[in-house]
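Two complexes, one shared chain (subunit A), two partners (subunit B, subunit C).
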Partner chain A sequence: MTNLMTRMGLAALFAGAAAMASPASAADTIKIGSSLAITGPASFLGDPEAKTLELYVKKINEAGGVNGKQLELVVYDDGANANNARTFATRLVEDDGIVAMIGGSSTGATMAMIPVFEDAGIPFISLAGAVVIVDPVKPFVFKTPHTDKMACEKIFEDMKAKGIAKVGMISGTGGFGKSMHGQCLGVAGNYGIEIVADETYGPKDSDMTPQLTNIKSAPGLQAVVNPGFGQGPAIVTRNFKQLGFDVPLYQSHGVASKSFIELAGDAAEGVRLPASALLVAEKLPDDDPQKAVVTSYKAAYEEATGQPVSTFGGHAYDGLMMLVEAMQRAGSEDPQAIRDELEKTSGFMGTAGVVNMSPSDHLGLDLTAFRMLEIRDGDWVLAD
Partner chain B sequence: MRALLAHRLAAPVAIALIVVALAFILPSNFYLRVAALVWISALAVIGLNLLMGFAGQVSLGHAGFFGLGAYAVAVLPAQFSLHPLLALLAGALVCGLIAFVVGRPILRLKGHYLAVATLGFGILIAMAIANESWLTGGPDGMPVSRLTLFGWRVRGASTWYWITGALLVLGAWLAVNLVASPTGRALRALHDSEVAARVAGVDVAHYKLIVFVISAVYASVAGSALALVNGFVTPDSANFIHSIELVTMVVLGGMGSVFGSLVGAAILVVLPQVLTTFHDYEHLLLGLMMMVIMIVLRSGIVPSLAALIRRTRP
Partner chain C sequence: MPDFLQFCVSGLTVGAVYALVALGFTIIYNASDVVNFAQGEFVMIGGMTTVFITAAGVPLHFAIPAAILAAMVIGLLLHRLAIEPARGASAVTLIIITIGASIFLRGGAQIVFDKQFHSLPAFSGDTPVMIGGAAVLPQSFWVLGGAAVIVALLWFFFNRTLLGKAVLATAANRLAARLVGINTSFVVGFSFVLSAAIGAIAGILVAPITLTSYDIGALLALKGFAAAMLGGMGNPLGAIVGGLAVGLLEALGAGYISSTYKDAIAFIVILAVLFVLPGGFFGRASTERV
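Presenting the complex of A and B:
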């Protein structure tokens, strides 16, 4: 019995190894690779991204593909682990023979994969947030999401317009909160903003009253900013209301999901945040150039998955569409040609905003890409 | 066959042969990279196996040492422009010292208490790495400068394959020599019965501490190697799940078996790559295979199979 089971186990192993060793490669398909955090702590990023890519690759193929060829998507789940992502990147380049790469849900995974694509000369469109991905510019690396630095600038711009100068910050210590905190401190001076209180909280903290009390006692306080995502900002928002602040609260684009409003409840009323137009797709005025793109993506995603749309899936949509347009312009699937055309992307209207790439800018979004939203009656509305 | 299996140097020689043979079989850089990852994991697992399999102590915080080693080659060259190789040695030294200082009180604990104390230690290191972002880049990680040896930039999957393979063979050779030494005998006595060992005059606390320090150094060197191969480090390398992975590799391959360390590491590194073909059922199959292996081959793959061979060929 033992013998038999051992042999069966080994047989299964070898069968698996054989499956792994025979990559199918057809000449009439264009292979696009992706490594996303479909499971694990960052699955709220990777899951909608993977679903979006699969959905739209299917749509594009049904409509005849690109340059007369069908797209073939190869997706791996890296669980936001940088080491796994690196291995999958090598696999996509060496074994699967992809011509372009979309993905890297998290900044860590993206940074670990960059050398692989730079060495192989294959265009890589990252879906992660941090500005270090495209600054300094790397020839083959692009990204679609707004940066945390832009979120800070958008918030400070709004404050400046309202005459706010003394600001308290309460930041999460996770990757997102930490990175945005640093970026905000860096650009505050450009808008004449003075940070009069600077507090932090851990990802699992369940009460931020002490930190907020410190901020409240800061002299001359005119507004509070809370970089972070997950449940932390919802708790901050509730505590903020309980303590009876009489200044506005600014959240980041990290809370731009319906679950934040549900968690924060009534306390979310009046909270302002910079976010993608996707959240207010139906409320955009009809003459808004972005309206067609965001409403059609939202409808398609929600119909196909039955889940509410998220900005993260939108980043994947932008990446894929930009890639497809670049391949059409290039008229070929040569990685170098795709890269060159990606860099020339201009006037591309995506869910994140208008993209104008250049050799010195591989993000191509400006501050107009962010909309300042306010939460009213439990829903997002355009603040300006 | 029996004589071959029983020979002291059987494991390192077998490992060396595998490293050399695979180099000619593996078709692409991707396979070479996966193999290099196996060698690196196996190196850390051999160290942990000395602690678990020979001294009978469980550490649930070994990824802490692994992470320290990884960040040593990232931070020291970046902050103090130290050569990466010196940084690797410094990391190993620091890990050894920390293991020595922390180990003294921790190793007085037994069973679950020891496991919990090492668990706490590992989590502490992971938190420090994630939070001290001015030094470590925080949760997003930081780049590692490329290793240069005599003006030659070390890069490419095959180069790293050979370097990590050589490290593994060296690690295995040191481990079997340690096990065969008087220290090794004392360790095994300690594993079988701490009381008996003490009665026989073995300084239990002393030997436990020695092996804890050695295993920490193994983990640190493996961590440094991974960081250099990847050119980038993230706090993942130090987190609790990684500690559990290392322990699983030890148990799966076989406690107290140097060659088993390689087998355990190979299975846990290669299987997820094989199973991507099955996509949705990946984790299910991985869990199932591990359960079956542990039920059928109770003392780990290598020791169980070795016992099987001994039984069928008298």
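Presenting the complex of A and C:
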């Protein structure tokens, strides 16, 4: 008898809990999904992205939410694994019922998720780098970070202004280095740049002096470019100094974090790279239109997490803010309406630069979004 | 010519580390017939422990002995907890246990330390020395000199001390060694501790040049294994020559052939040795062990 009573009581309890839980999440909140590489090899991307999304969703909700409704963030950790990302994407669409998606820290995870959101008709803002995500344009796919092709163009533009024409390249064979290497070879001709030496190194290579020795003996060498991220560029930079090159070294936006300067040490002095204005927030002139956005994001992130700001978290900030503005303009949470408004984003000032989207451009950044930085006294400064 | 010298310097520096890893393989292999694939993890533990102890504010000259000691303790634990309980098992089983141990140590290092790359300050500055047009980092001399000192000490140990002779006796014939009163279990444990110390020293010496992180061990173990095979498994002199040769081949291959296949060279060496020269440069004929 008591047994039956207990069972009935439990059943009532579950029923009550279920009844209380379901309506709250269905009607009054706007569900936004995310799948990021919070752990694993790309955790330096996913970790600040996740922290940024959580921080700003909380801030937006405290300020009254969007269109009078609270935001609800559903985050999964895909560990930069494309298979996991695909599974989470399906779960976000079918089980969680999200209206918009931010994330995909890596290009691989993003490409695996694209078909899911294209089929479901849910807007998807990727935080990954490669140009293939938005070229060709897919109706529901957008992205916030600069592309590797733009990094090449920015570097070559700077070289052209300095009269540099003969360039040596040393590229990582990982996904990022390989992709940027290809993009750089593709656009070099537009800037009158000739690649006089072309070397590579593996993701775990610990000594690049043989490759750099070959580059150094290339006739007429005027500069060296190193596409790649992780520890590789730090070792390249150290070896570059060891061998006593007398030409400038250009790194990519892949090393735009303080850990690169720490690992490369003194050798990082004088290295030039294209990166977002976020890294030099305080050093921007006061009349710079981007200054307000980057200083406020930097201050908020560093206060909330106690960690130095990185450009990667900034990409998540840009994606979330563009999404919120699109929802406000649309005045609804209909995925199709959000998509249409996202595409009309114009004059949006984010941490990456000014975004002007169009039906043929789902990135919306131009070369002015990149700043040429130089490392001096162990810190970033605006070059020239 | 300066290019050639630069390739050689680069190859010898990296090769000296492979040589020390190969030496670690050799010592344990001789004492127990086990190829210890956790040898690369000792290199990682040496470098990472030094990084984290110095980061806590301890001067480098105290941090280094502490890191070597830490690696020795882990080497002893590896023997006592993983190898010793399975002592009746075949060599293949024991080798698989060491692979498991290396995965375990790598996972543990992710938690105890972190997943980032770290560097140590160079012992005597970063200003390269020019030798015949090749730029040599002072740290390279530390690596090469350190390797030479270790080899000399080992030679003295094996040829001039009773414990060293006991290790050699165990290597030659375990049953006979036990019959004349040598504690072979102690000798095998000792060989793990000694290998761990050598690995840790290699990891500390090279960290200022190549950087260190929790996962550098696996690749070093494979390259060191290739070096030990090339020199002849079980021969200390072979380990040194093999290590330097693999390092030189990598650097010259990357310099003159193609940098794309740099990492493949060690594996080509393994295949070539297995096909053409199964005993390595200095190896005993394999029938001798049967």
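Assume the second predicted complex is superposed on the first by the 359 of 384 C-alpha atoms of A that agree within 3 Å, B and C clash if a C-alpha of one lies under 4 Å from a C-alpha of the other, contacts with A are read in each partner's own complex, and residues count from 1 in each chain.
By definition in this document, a residue touches a chain if its C-beta (ideal position, glycine included) is under 8 Å from a C-beta of that chain, and two chains touch if they have at least 3 such contacts.
Model, not experiment: these values are computed from the prediction.
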{"item": "Contacts of A:Gly174 with subunit B and subunit C, given as first, second, both or neither", "value": "first"}
{"item": "Which of subunit B and subunit C A:Gly228 touches, first, second, both or neither", "value": "neither"}
{"item": "Which of subunit B and subunit C A:Thr107 touches, first, second, both or neither", "value": "first"}
{"item": "Contacts of A:Pro48 with subunit B and subunit C, given as first, second, both or neither", "value": "neither"}
{"item": "Subunit A residues touched by each partner, larger count belonging to subunit B or subunit C", "value": "B"}
{"item": "Contacts of A:Ala130 with subunit B and subunit C, given as first, second, both or neither", "value": "first"}
{"item": "A:Ala82 touches, of subunit B and subunit C: first, second, both or neither?", "value": "first"}
{"item": "Which superposed partner A:Pro274 touches (first subunit B, second subunit C, both, neither)", "value": "neither"}
{"item": "Touching partner for A:Asp95 - first (subunit B), second (subunit C), both, neither", "value": "first"}
{"item": "Shared contact residues on subunit A - subunit B and subunit C", "value": "173"}
{"item": "Parts of subunit A lying in touch with subunit B, wherever the complex brings them together", "value": "2-3, 5-6, 9, 12-13, 16-17, 19-21, 39, 76-77, 81-84, 86-87, 90-91, 93-95, 106-108, 111-112, 115, 130, 132, 173-175, 178-179, 182"}
{"item": "Residues of subunit B defined as touching subunit A within the complex", "value": "27-30, 33-34, 37, 130-131, 133, 138-141, 143, 157, 226, 230-234, 236-237, 270-277, 282-283, 289, 292-293, 296-297, 305, 308"}
{"item": "Residues of subunit C defined as touching subunit A within the complex", "value": "3, 6-7, 9-11, 13-14, 115-119, 126, 128, 135, 137, 206, 209-211, 213, 216, 219, 251-252, 254-255, 259-260, 262-263"}
{"item": "Interfacial residue positions of subunit A with respect to subunit C in the complex", "value": "43, 173, 199-202, 204-207, 209-211, 213-214, 217, 230-231, 234-235, 238, 241-244, 259, 262-263, 265-267"}
